Each structure stands twice: as structure tokens, then as C-alpha cells.
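First chain written, first letter: the chains are A, B, C and D, and each begins at residue 1.
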Amino acid sequence: MGDQNTSMVQKYRNDFLKEVEANVEEGAWVKMCMQCGVCAGSCPLGPAWEHPPQEIFMMIRAGRREEVLKSESMWMCTSCYNCIVRCPRELPITHIMHGLANYAHRLGLAPKMNPTRRFAKIFWDNIAKSGRVNELELSVRLYFMDGFKAGVLKGLAMKDIGIGMMKTGRLNPFGLFAHKGCKDIKGIHKMLKKAYEIEDRKKGFVA
Amino acid sequence: MARKEYSFYPGCSSERRASASNYMVSVESMCKKLDIKLNEIPDWNCCGASIGYAQGGELPRHVMNARNLAISEQVNKGQDVVATCAACWLGAKETKDRLAHDSGLLAEANEALREAGMNLTYKGEQEVRHMVEVLIEDLGYDELKKPVVRPLEGMKIAGYVGCQTNRPFGIAGESFENPKYLDHLVEIVGAEPVTGYDQKVTCCGGALAFSEPEKSQAQIKKIVESAYDYGAEMIVTPCPVCQMNVEIYQGQINKRYGTKFNMPVTYYSQLMTVAYGGSAKEAGLNGQIVRASRLEEIAAKNR
Amino acid sequence: MADVVATNETIVVVGGGISGMTAAVEAAETGKDVILLERSPSLGGRVNQLYRYFPKLCHPTCGMEINLRRLRGNPRIRVLTLAEVQKIEGKAGDYKVSVTVHPRYVNENCTACGACAGPVTTEIPNPFNYNLNKMKAVYLPSAMAYPQRYCIDPSLIGTPEAEKAKAACPHDAIDLGMQAQKLTLTAGAVVWATGWRPYDAGKIQPYGYDRFANVITSVEFERLADPRGPTKGRILRPSDGKEAKDIAFIQCAGSRDRNHLKHCSRICCMASLKQTNYVREKYGDDGKSTIYYIDIRAIDRFEDFYQKVRADGTVRFIKSKVANITEDRESGDVVLHGVDTEGYHRYDARHDLCVLAVGMQPGADIRAVADVKVDASGFIEVASATDGIFGAGCATNALDVNRAVQSATASTLRAIQVVNRMAKVEGQ
Amino acid sequence: MADMKVGAYLCQGCGLAERLDIKALAAVAQKEGKAQVVREHEFLCNGQGVAMIQKDIAEEGVNRVVIGACSRRAKVEAFHFPAAAITRVNLREQVIWSQPDTDEARELTQEMAADYIRMGCAEAKKTAVPVPNPAAGHNKRILVVGGGVTGMTAALEAARGGYDVLLVEKEAALGGFAAKLFRRVPFAEPYAEPQDNGVASLAAAIKATPRIKVFLGATTTRTSGAPGNFSVDITTESGPTVTEAVGAIVMATGFRPYDARRLPEFGFGASPLVVDQAGLEALARAAGEKGQAITRPDGKAVKSVAFVQCAGQRDASGTHLAYCSGHCCNTSIKQAMYFKDQNPDIDTAIIYTDLRTPGNGEDFYRSAQRKGVIFTKGQVAKVESAGDGLTVHFHDLILNDEAATISNVDLVVLATGQVPNSGVNIEAKPAEGADANVPSVSVLNLTYRQGPDVPQLKYGFTDSHFICFPYETRRTGIYTAGPVRRPMDMVQAIEDATGAALKAIQSVESASHGRAVHPRAGDLSYPSFRREGCTQCKRCTVECPFGAIDEDEQRYPLFNEGRCRRCGTCMGACPVRVISFENYSVDTVGAQIKAVDIPDEFSEKPRILLLACENDAYPALDMAGMNRRVSSAFVRTIPVRCLGSVNMIWITDALNSGYDGVMLMGCKHGDDYQCHFVKGSELANYRMSKIDDTLKNLNLEVDRVRIMEVAIADIERVPTLIDEYAAKIREIGMSPFKGF
């Protein structure tokens, strides 16, 4: 993954904006921002952002590559779409934030311990495995992502909820074994593999 | 022949014994009363949800949704795709939207799609709609009122719309900041809507519920608190992510903030099922962690 | 009104605001016959509803008095109020303009003595004050109203109130049987000066104009500051009638926004800068104005005015498009949420009152009556040499008064070129 | 005036009959007013009333009509009798509507009305129906000075209107500044791409218009006369000076870029890689003509360009231009597009503090962003050479980085502003911000007493001060247009030129009928003066706000009626009272003042004279009356054209004849003056500053005369001012001059 990054640095030298336009979902919109800041003010988790979206756009133009890609900020996005519907320039800000996060993640620059990054990975692996979410497996993995002890503690903290969910029939105690998933899971795996190939080819990631 | 028929995308959370199974139960009862037939998309897969981005990236996410839509086009010809889950609806709709405006991406999606079984090609023939959309636009409030036999008299209910059923697409004719359709639905089932409720579109932080619990719970606190402030005794929502978050973490929030929240959070479909004369079981009320007692009482009344 | 004589050397001016009045007067003073059509009961348009002009802070009624004097004294100008254009057919040099003249129920006998209004108690919203207050249904539109004649609101017709008014008139000026009249005017050229209307602030949902009493528009604020307005010039907020001393001004309310108006409305920055002066005028150093802006567009010499306001300690500037507004339920105060993008500072700022600097959009859609080219915002584009219908003022673009008058003067010449071609009149 | 016949007509409508003893007023008109015909009518402004008056004019030979009814601002159309001189006596707004409707008030109200009748009759006897100036000029040819886009447009539009035009351009070819542009900013949707500068097609249109006579390499070396009758010397570099007669003048002499050499901090002069916007246009044109890409002056390829907005503009320090030139943001956007269209990989950064693209410029802005032009909100501190290129140091205001830089820049473009080519500043104020280094050379070389060029407003621009009347210069028949008038872009200059052409046409048409133009448009009167009485004090020639008065060989004032705006400032200035108008003179007002009945000093009935500006104070009084605002019954109001026309004799006469106080109400003066004759209220205030001595000589308290600033909107304030002053007079007591 590290060389993934260096190859991109070599490819785009110091022109971070071009790099973003080429490699980040909806990245071509970054240049359209007029710095009004409505996105920054509209984010429900705003105060948690070290750099709000409009500032990130400015940083991209200013070529502050490392700062942007290593930032925790994009990971604060709750996908509420407030910024998108209010942006006077119609920038798909939510998607750009997702795209930046994903790109940083692909380059291995995203903060290692960022919980959302880790949750997102586990979540995707979970659905990629069977084609559908296995909620029990998902939660169990989450609890134990910091090791067994932490997991047990977190599990205990959450046990009321868990039990409540089971009692009300909204969590399958046997999900780890009984979860069905999609029939054509083989096809889905091949399909996703292909999708990754294409995306990597397009964005010039080294295989 | 039912009066309306749709290609149905239930989504992971509404599977049996999943977090929104109670939603599913009530939707089925509601649709039966309204004579709506839902044809499930065979072997549908997860939409990837919004959180899928980090690992999923762009194309794989769209491909996941394209697969569902392609199957639907193949099997449920000529029907609109209907989703009950906000995330599923949004994921599918976004894919339709992007692929419609980006022929390159469309070609790539289909290239990947060919790898899957059932030799699928996505054409973009079918509309992707949310259940609420269908109720309001295809049936209309008047039609929805007709079957009411058990008006939920005296109940004050706050309509919590949340994010993804509302933004960026939303329901036609509704504003992003102050959508009124839940209030209308509450009205037609005979309850009193809490129209002043000012947190109706506040994000519950659902996507970050696991990774940033304290941040998302701070959001939930606002949402529940305001409902109490405006005198609501129940929150109703169209979104399973919202429902789960706002309902199940109240206990933790009480611990964290010393509040005494005990606010039932139900789905519109549960209200309608009860109002239409359905039993508590048919309305999936047994699936509530915070029991919706008033609603259960009404459901217990013989119609 | 059958006595309206018009030939293909007549210029018909549509709209009796500052642009239309200017076009009419300039044409008539150049020796042309003009028919000036105004939809409302009196001339003056939106400028008459402003308290002061930027940058001089002088009063619009001052220039209006001069224009009215020029107009009253000029026999070449025929004014028709309550007149609405239905259709314009024909070609340059030979137009047929179909007009409906709505009944005023008061005839030329009226001396504006006011006797008729005496016994009337029915009240209607007062459009002169953007409906911020009510007025009697028998009324003189404003102190500067021209024609200086009362009007009876149609809603009153057939009620005993109307009869009371009629009985009270000593000059037999009230005709309750008055009917709408249709006339067709011949014209060589048409100057279309229907002005602008404020963008519907309710559509800017995050700002809650439709939900919060203390969020108002810039045009409404003009009425609050004006001694002729509903509050006699005191800045009182709608929710509780308390004096508003801490006032927020939100720029680009609808303008420069792909979700609303894509163009910049040009005047709003100056209007808000001007309005901070109202706050200072009323409260001195106790007043507080905060301008939330994207770019301050104080073009050319207006920069002086901007610098003057900048130097005023009671005025703050925050580079930020406000994200949304919430209302404090107890106090009714408005709380603005957003981020100052100059160095990223978050704010949740509480103010007594919030004024939305709403954008400009065309006042009327000319395409409904004539085949004229307009741009994506509905503004009339510069006509080609063969045309005989010319936009003037804010019907052509978002303009300040000065530029609107320039535009009207220019269009007057374009119209005169057509009628001179008709008359083969030559300079020498 | 043998055949003078005064008819006084008293209205009984609008409650006048209920509030006033009209019979008694009729008697006053007859006995004291000496009106030969006196009639009452229950509703004077209606059909019969008007017909009655018309009949008297036609059959009884009445030629002075006194109308005792409503304000001169009401029923103007009804009381329109061209054959007679009209005097309006305002019994409604300013008598019954401004006095309480009580029995106690009746007596004073009646006295008030009686005085106004006396005044009206007295005025009528002093006025006459003006006969148009026999010396009116009839030349309708339009002279346009300046052959840029503005001048060419003015010439074409005037010609299209059917008027002959002379177009004078100092350069060897038409086109002006626009001709130097590679491309111009778009005028119409989609507002996305730079357009051809359009000069060629304009010039071609001029060529194809026989009505337009073009003088190239020529200047106007002498201009004299008046609207309808100007004489202009046009001197061509090659060849003789020709003298041409024209009726009106459009001055469209444009602008020059602010001298970038005054911006060393931005490296102009130090590095050839730093250019101003004009410099970049030159590079672009040169490249464009060869069909090549724009390169650095040293021929190297351009990879990175930075644009510095507001360079030497919007400068509060007073070193550079204080104003914003309005066009520069769009111009830099356009120039950045030159490079992006040439090669999208060229980096272009526009560094601005406020991006100013009003109207549809917003589309142009978005279009540039789509092309990849980078916009950075920042303040440029320094541009310096580094290696083979330049480094731009700036304060990034968004990222709050004071040490932000852009390096390896190949070209830096400075957006310097517009400096007007407005000739000599005849008021010789230090031309704020304008380019003082360049000695100003006269453009028009007017032979006017007050100086060779059009007066400037601010920063050297010849703009009108008025918001509602943007074309009103202080030189009648001379209109300025384009960037010489106000900073502006090309599309606005074109509109401006068209408007100015209309005003020029209007002025020749008015002149040919001997009519005044704005603001007293249509007024046929003009000043006449008794040469024998004149002491050659020159006040009139100096003080005329419109430079209408020159001096003849024997240094007597030489009135150019065509330039006169009929404000009467000269009349107010004249210490020996030799200047008058047929319908407005020292006598018309003086007679009214004398006509008022002054009760003796024990009557407790003071008399206060109020001279009110007819445009602002008088309407305010009217509207106060319409609102039934009551004010002192001891005041007698006379509207004046402008406080500038107030002659001291009126005040001294009033005081001598026993008035207890005199109020003058006029418009705001100073920087944001509202006087429609520009200088009138200022002059009045200056003159009044000397009144104290006069009062001392008369042994009167200084409070006996007060000048007040009043706006038309002071509807509530005006009655208060009156009552406060009346109270003051009561306090200082009655005048000792009564009954003399």
C-alpha cells in the first residue's frame, strides 16, 4: 500500500488538485467551490471536523496533500446530505468526502486507528462475504476489533441492548451459523473482483 | 389482481430476526389492508449502505446496487422498485442516478455485472422509490385515510423524518428542512402531529453509531429531548436506521446524561396497521424495545 | 377611456416605476407622445417603498417629486393606471397593444379629500408596506400617489361599506358600477419596464422565513425603517413588537445559488450596507449589525460607502453563507448557525432580528404577452435592431436605481429610433 | 402690462366652504387683491369649474389666473391654461388641513387664507406668460468626442435616431481601449467564453453611416456657445483647424490604466514577467495575430499565471485609487481563460479579496472554475523574482496562512484600475486617488467663464451626483458617457453611450423650442437683466451652478439662455437685483411678502415668513397637511425654486415690514447634497452665514432668521420645526418694526 502512495506522488508531483480530480469520487467538483462555507455550517458533526469540507477543498487547491489525506475529518461524515442540498454550487460534498476517505484508505494514509475507517472495513467485508449483512457477526466483530478483553467489556456494556434485540426478535442469536446470505454469492464475488480491477485500472493503482 | 404491484427490495435489516424485522411485519400487514402486492427481487443483495464507501469504493458499491436493479428489470418487468429502508432506497437510487448521467460508469458496471450469474445487464428501466413515496403519490392521503377503523385518538406523535428518506432526493413537494408528510400521515390515522417539532430532520448519526457512539448519541439526545419538549408521547419514522438508533440507545443515553428517556419509536406502517384494525402482533409492536404501550392498548380494542 | 389616441408614432411604456417613469418623461421631453401603463393604482413602483437610497442616503421620493412634476406638466404623456397588458401584436413601427383597465371605482372627480374613507371600517393588507400592516379598503395608495385619487378595493364592491363610501363623497367621484375596460392601443414602439420582484424568501427553507416571525426580507426592513411605514420608522420586530437592536443581515438570500437564482442580484450588498445605517440612525452606538456575506460587491464608487460602513464599530462582517436559522422558543430570538470561513470559526449567533437580502427576479414575464427573447433568469435580452419592443431597467437585469435609469434612458432612444423611422423625422 | 387682467377663482370644495368664509376671501381678492374678475365655485377642478375659467380667459380677456383651492401639486392637469399666467393659492393642504377644525381656530385660519389670497393676487400681477427665447439655437447636430466603443456607440445610436453626428477621435484610428483587447467579456448567455472585441464591426457600421462624419487624429481645441448653438474648433494633426456648429456634445473620452509603476511591491518594472491587464492583452493580441500560444516576454512557454486583483485599487490609505473599477474581476477571469483555452494544464490562480462579478458575471465565474481556474481569497503582499520565474507572496485568508506563496510563476498580471480622461479639474480639488502625475490637458477647451472642461464629481470622474438622474452634468447640452463618467465595463459603457445620446438629442430638441431641460424641463422663461443697473460684481457669473453666464468685452454678464436651468441662483446672488425671470423674480416674491397683513405688535399675532424649496420642503409641508398635521397659524409660506434663488432683499424687506421671523427650508448640502441645482442650498447657507451682521445693524436678534435643512421625507418633522420656531419667536417677542 505504501508504494501505492509514492507512485501517485510521482505521477502527479505537487498537483494535488489534478490527483483528486482523477482519483477521487466526484473529485472534479472540488474546483467549483466558492468558499461560502454553508457545508461546514450544515454538518451535524461540524465541531468534530478539524477541517470542514470547504476548507479541505481550499487545502486541496493549495496542494496540502498529506494534511488532507491523513485527516480524520472526512471520517466524521454521517452521510446526512445536509451539505449537498444546501450547497449553492451543487457540489456533491458527501460523495467527495467519502471519495477522499476511500482514497486515503487505499493509499494507506488514512489514520490507522480511526474507528469509522475500521468499522467501514469490517462492514464491507461482512456484506462482501455473504452478499447481505449478518448483524450478529458484524456486532461481534466490532466488539472484538480491539482484542478479546476490550470486546468482552464493550459487549457487557451493550448487553442490555443485545438481549433486548434478541428478546424482541430483532437479532438472531444463531446468526453466526444460521445466516443464509445470497444464493449466487460466487457470482457476486466474481462481480466485485471485476469491479475492483476496473476501478484500479481507471485510477492507475498499481496492481 | 392487486390494485398496485411493485418490485420489492426489502434490504438486510428487514430480514427475519434482523434489526428491522418488526418494520417488515407491519409493512406486510399495511400493504395487505391497502391491497398492495410486493414482489420481492429474487436473491437481492446488500446496497452497501453509505458507510460502505471506505472499503467498497465507487464502482463496487454501484455494482452491488446495479445487480439488484438488473435482476428486478429481468424478473419484475414494468414495475417500479420499492424499498422500505432509507439506506437501501438511497443506495439504489444513487446508483440509478449516477449511471444515468455517466455512460462510462454504466459500461463499467455492466462489465462487472456480467461476471455475476443470471447474465445480467442493467438498463435503467425502472424507477426506484421509497414505500412512503408510493403511499403518498400512487394512493394519496385520501385513499390512505379510507381504511382507518381505529383512529389513534388522543395520541401526540412527533414525525421524525431523519436524513436519507429526505436528502438529497426526498419526497416530491416536501422541503428538506421541514417535510410535512409524516405529520399528514399521523393526522390521517387520527393522532395529533407535533408540528412544531424542530428536530425532525436532524441526523441521528446512525452511520457512526458503532464507531463514534458518543457523537451519535449526542444527536439522538437532541432528537428525543425535543420530542418531549413539544409534548410528544411517541416518535414515528420511515427509516429503520433512525428507528433503531433513536430507540435502542435511550438506555445508554440515560446512563450518560442522567436523562429519563423512555420514548417509543415506531414506524408509520405500524401506526397505519393499528389504525387499519390490525393487531399488535400484525403491527410488529412486539418488536419494540421501548414498548409502544398506548398503541398496544388501542390495538387491543376490538375494532 | 376611449379617448386614448395613439398612432404608430406613439411610444407605449409598460410599468410606472422609476424606469418606466424615466422612459416616459425622457421620451416626452424629446417631443414624443407617450402612453404610460401601470398595473397598480399609482406610479412610483418599488423605489417609492424604499426609505433611503444608497450611497447618498437621500430619499427616493425626492427624485420622484421631480419626475412627477415633469410628468404632470407634460401634455404629451397619458397615464393609465390599473392597466394590464394582455397582448402585444404586430411589428416594429406598428404594434397593437391590448390592455385591460381594471376598475378603480373612483373617477376623475376625486380630489383626494379623503371624505369617502371616513365611514369605512373594513381593512385589507397594505401592499405598500408589503402587507406588514392593514389599511382601510378605501385608500390613497401613498402620500406621493399619482394620480392623486382614492381607490376602492374590489372586495368592498356590493357591500354596505361601499355604499357608505359613496354616500360620503361630496364630489360624486365614486362609481361603484365601474367595469373593466378593454382597449387596443396603436404604438410604434414599446418600452417594457415592469421592474423586479423579491425572490420568494419562503423557498430558502434553511432560513425559516415561513416559520420564524423574526426572519424578514430586506424590502420589508425598508418599510420598518421608513417613517411612512407600519411602525412609523421604528425598527420593531414582528414577533413581539420589541425594538430590534442586534440585527443580522444575510447576503445572497436566493442569489448566486443554483438552487434558487443563479445570478448575482448586484444591489443586495449595497442595500444591506445601507440598512446598517438605519440601525445606526435609530440606535447610535447601541445598535449592532452583522453582515454575513460571500463577497461584498460594492462596485465602483460604492466602495467609498463600503469603507465608511467598515469603519463603523457597530457593524461586523463575517465571510460566511449562513447554514441555517433556528428560533429560540422563549425569546423569539433568531439563532444563526454557520462557519466564518476566514480561518474557520464556528458560530451560533443569537440576534433580535434577521434580514434576508433577497435577490431580484423579473417582475413580470413578458413572454406571456409578446415574443421577446429573455435569458435563463427571465430578464429581457438586448433587442436586435429590427425589434420595436425594448426592455428597460430591472426587466433587463438586476440593476440599482442609477443603472436602471441609464437603461431606461437608453431604451427610450431605441424606441425613438423606431418612431422616427416611422415619421421620417430627421434631425435637420 | 396695460392689458393685464387678474381673475381670482375660489373653490368651495374639499371642505373649504365649511372651514372658511369664502365670501370674505372673495372680497379680499377684489378690494385688496384688485382682481378684476372674482368667482366662487363649489367644485372648481371639475368640468364646469374649469370651463368657467376658460370662458373668462377667452371672453373676458383674463390673463392672470389666481386659483384659491388646493396645492400647486394637485389637479395640475385640470388647472392647465397655457394662455394665462397661473398662480396657485394653497388653501387646502396648507391652510384648512394644517389648522385644527375648531371654532377657536377659525379666526386665525381665516386670516391665514386671506393673506394667501393677497399674496396670490400680488404675485399674479408681477408675473407674465413666458415667451420663448428668440435667441434659441436650432442646430441639431451631435458632436461626439472620443472614438472608442462608447463614442462609436453614441454616434451610431444618435445617427439611427435621425441626427447628424461629428465623431472626433484623437488617435489615428477608431477603437480606443477596446481595440487593444484580444477578446472581450461576453455580453449574452451563456456567458461562458471570451468574445471578439467587436471594434471592427462597430467601426464598419460607422463607415457605413453617411450621417456620421469622422475626424481622426483630431481634438476639440475650442468650444463655445450653448445647446442648439455650439461652435467647436476641431484641430487635426495633419491639416487645418475647422470650425463646426453643433447642437449638443457627448464626451466619451474613456480612461487610461492606473500606472502600475507605482506598485513596485508587485515587481512591475523590476521584472518583465509582471504586466498589467493591458500588458497581457498586448501579449495575447501579438500571439493571437501570429496564431501562436501566449508566451512569456522572453519567449519561454507559460506554465503558471497568477492574477493580482485590486492592484492599486480599493486603497483606503490614499496612496492609490480608492475606488473599485468594477470590470477587473471579469477581465482577469477572461484573461485566465486565454491560458486555459490555450492549454488546460497551465495553472491560473486569481487572488482576490472580494470577487465582484455582478449579474450574469456569476455564470462567467463558474465557467472559469469549470475550466480549472483557481480562485483564492487572499491579499498579495509581494511579488519577487525567483530563479527563472516569480514567487507570489500572499496572505491566504481562508487557510489563514500569512506566508502563503505560489512559486515558479511565469506571468503575474496586475488588475490595476481605470483613471478617467476627464481633462482639467476646474474646481482644482486634489483629484483624490486619480493619477496626479499625468498633467491634465483640457478635452473640450470650453470658453466658459468657469473653466475649460466639465466639472468633475469625485476621483476625476464626471459622473452625475444624482441617483435618479445619472446624466445631469453641470454643463447643459454636454453629456459624458462611459468610463470617463464612472468606472465601468464595456457592456455598461454601451448602455451609457446610448442614454447619453438620447440626452443630447433631447437637449437640441428642447433648445430649438427655447425650453429648459431637467429639472425645470419645459420652462420657457429665461433670465433677463438690466444692464444699466449692473455693477459687474461677477457674483452671478461665478455662482451659476451650470456655468451659463460668461462675461462680455465690457465685463458685463453674458447670459447664455440655452445653458440656463432656471434655478434663479443668479437672481439670488445679485446684490442690485437686476436679474429676473418673467414668471419668477425679486418682485414676484417681494410683492407676496409685502402683501401679507401684519397685525400690530400688541396683537399677539406674530408673522413668520417661510421660504421653502419647491421640490423638497414644500411637498413635505403638503404631505404633512394631507396627514392633517397641525402647525402654527402665524406662518406664511412661499415656495422658491431653490434656496439659491433667495435674494437677501426678501429677508431684509420682511424684517423691515414687521415680520417677526424668517425661516428658510432647503435641501441637504455638502458631500451628499440633495439640491437639484447642485450649489443652490450650499450658496444660500453661505450667504446666510453673513446675515447676522445685517440683523445686528437692524438691532434684531439673530434668531429672527433661521435656515433649516429639510428633506421631502420629513413629513412628521417639518410641522415640528415650524412650531419650535414659532415658540422661539414668542420667546424673543414681537418685532419692533411693525407699523413702519
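Following the convention adopted for this analysis, a residue touches a chain if its C-beta (ideal position, glycine included) is under 8 Å from a C-beta of that chain, and two chains touch if they have at least 3 such contacts.
Values in this document were obtained by computation on a predicted structure and should not be read as measured data.
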- Item | Path length in steps (a step moves to a chain that is touched) from chain B to chain D | 2
- Chain pair showing more contacts of the two, A-D and A-C: A-C
- Which chain wins if you rank chains by how close their C-alpha centre is to the centre of all protein C-alpha atoms? C
- Inter-centroid spacing, chain D versus chain A (mean Cα positions, whole Å): 64
- Roughly how far is chain A from chain C, going centre to centre by Cα mean, in whole Å? 51
- Item | Whole-Å gap between the CA centroids of chain A and chain B | 23
- Among the residues of chain B, which ones contact at least 2 other chains? 176
- Query: In chain A, which residues are in touch with two or more of the other chains?
  - Reply: 34-35, 54-55, 82, 85-86, 89
- Item | Residues of chain D touching at least two other chains | 355, 377, 398-399
- Message: Applying that definition of touch, give me each pair of chains that meets it.
- Response: A-B, A-C, A-D, B-C, C-D
- Note which residues of chain A are touching chain B in the complex, please. 25, 44-45, 48, 76-82, 84-86, 94, 98-99, 101-102, 105-106, 110, 114-121, 123-125, 127, 131-133, 135, 139, 142, 157, 160-161, 164-165, 168-172, 175, 182-184, 186-188, 190-196, 198-199, 202
- Residues of chain D defined as touching chain C within the complex: 13-15, 43, 45-46, 70, 73-77, 80, 92, 139-142, 157, 160-164, 187-189, 314, 316, 322-326, 354-363, 377, 397-400, 458-459, 461, 463, 465-471, 486-488, 492, 495-496, 498-499, 501-503, 505-506, 508-510, 517-519, 521-522, 615-616, 619, 623, 626-627, 667-668, 672, 674, 676, 711-713, 715-716
- In their shared complex, chain D is touched by residues of chain A numbered 15, 17, 31-32, 34-35, 54-55, 58-59, 61-62, 89
- Task: Using the touch definition up top, name the residues of chain B that touch chain A in the complex.
- Result: 12-13, 15-22, 43-46, 48-60, 63-64, 67, 108-109, 111-118, 163-164, 167-168, 176, 202-203, 205-208, 210-212, 215-216, 219, 248-249, 251-252, 286-289
- Query: Which of the residues in chain D come into contact with chain A in the complex?
  - Reply: 347, 355, 365-366, 369-370, 372, 374-377, 396, 398-399, 401, 404
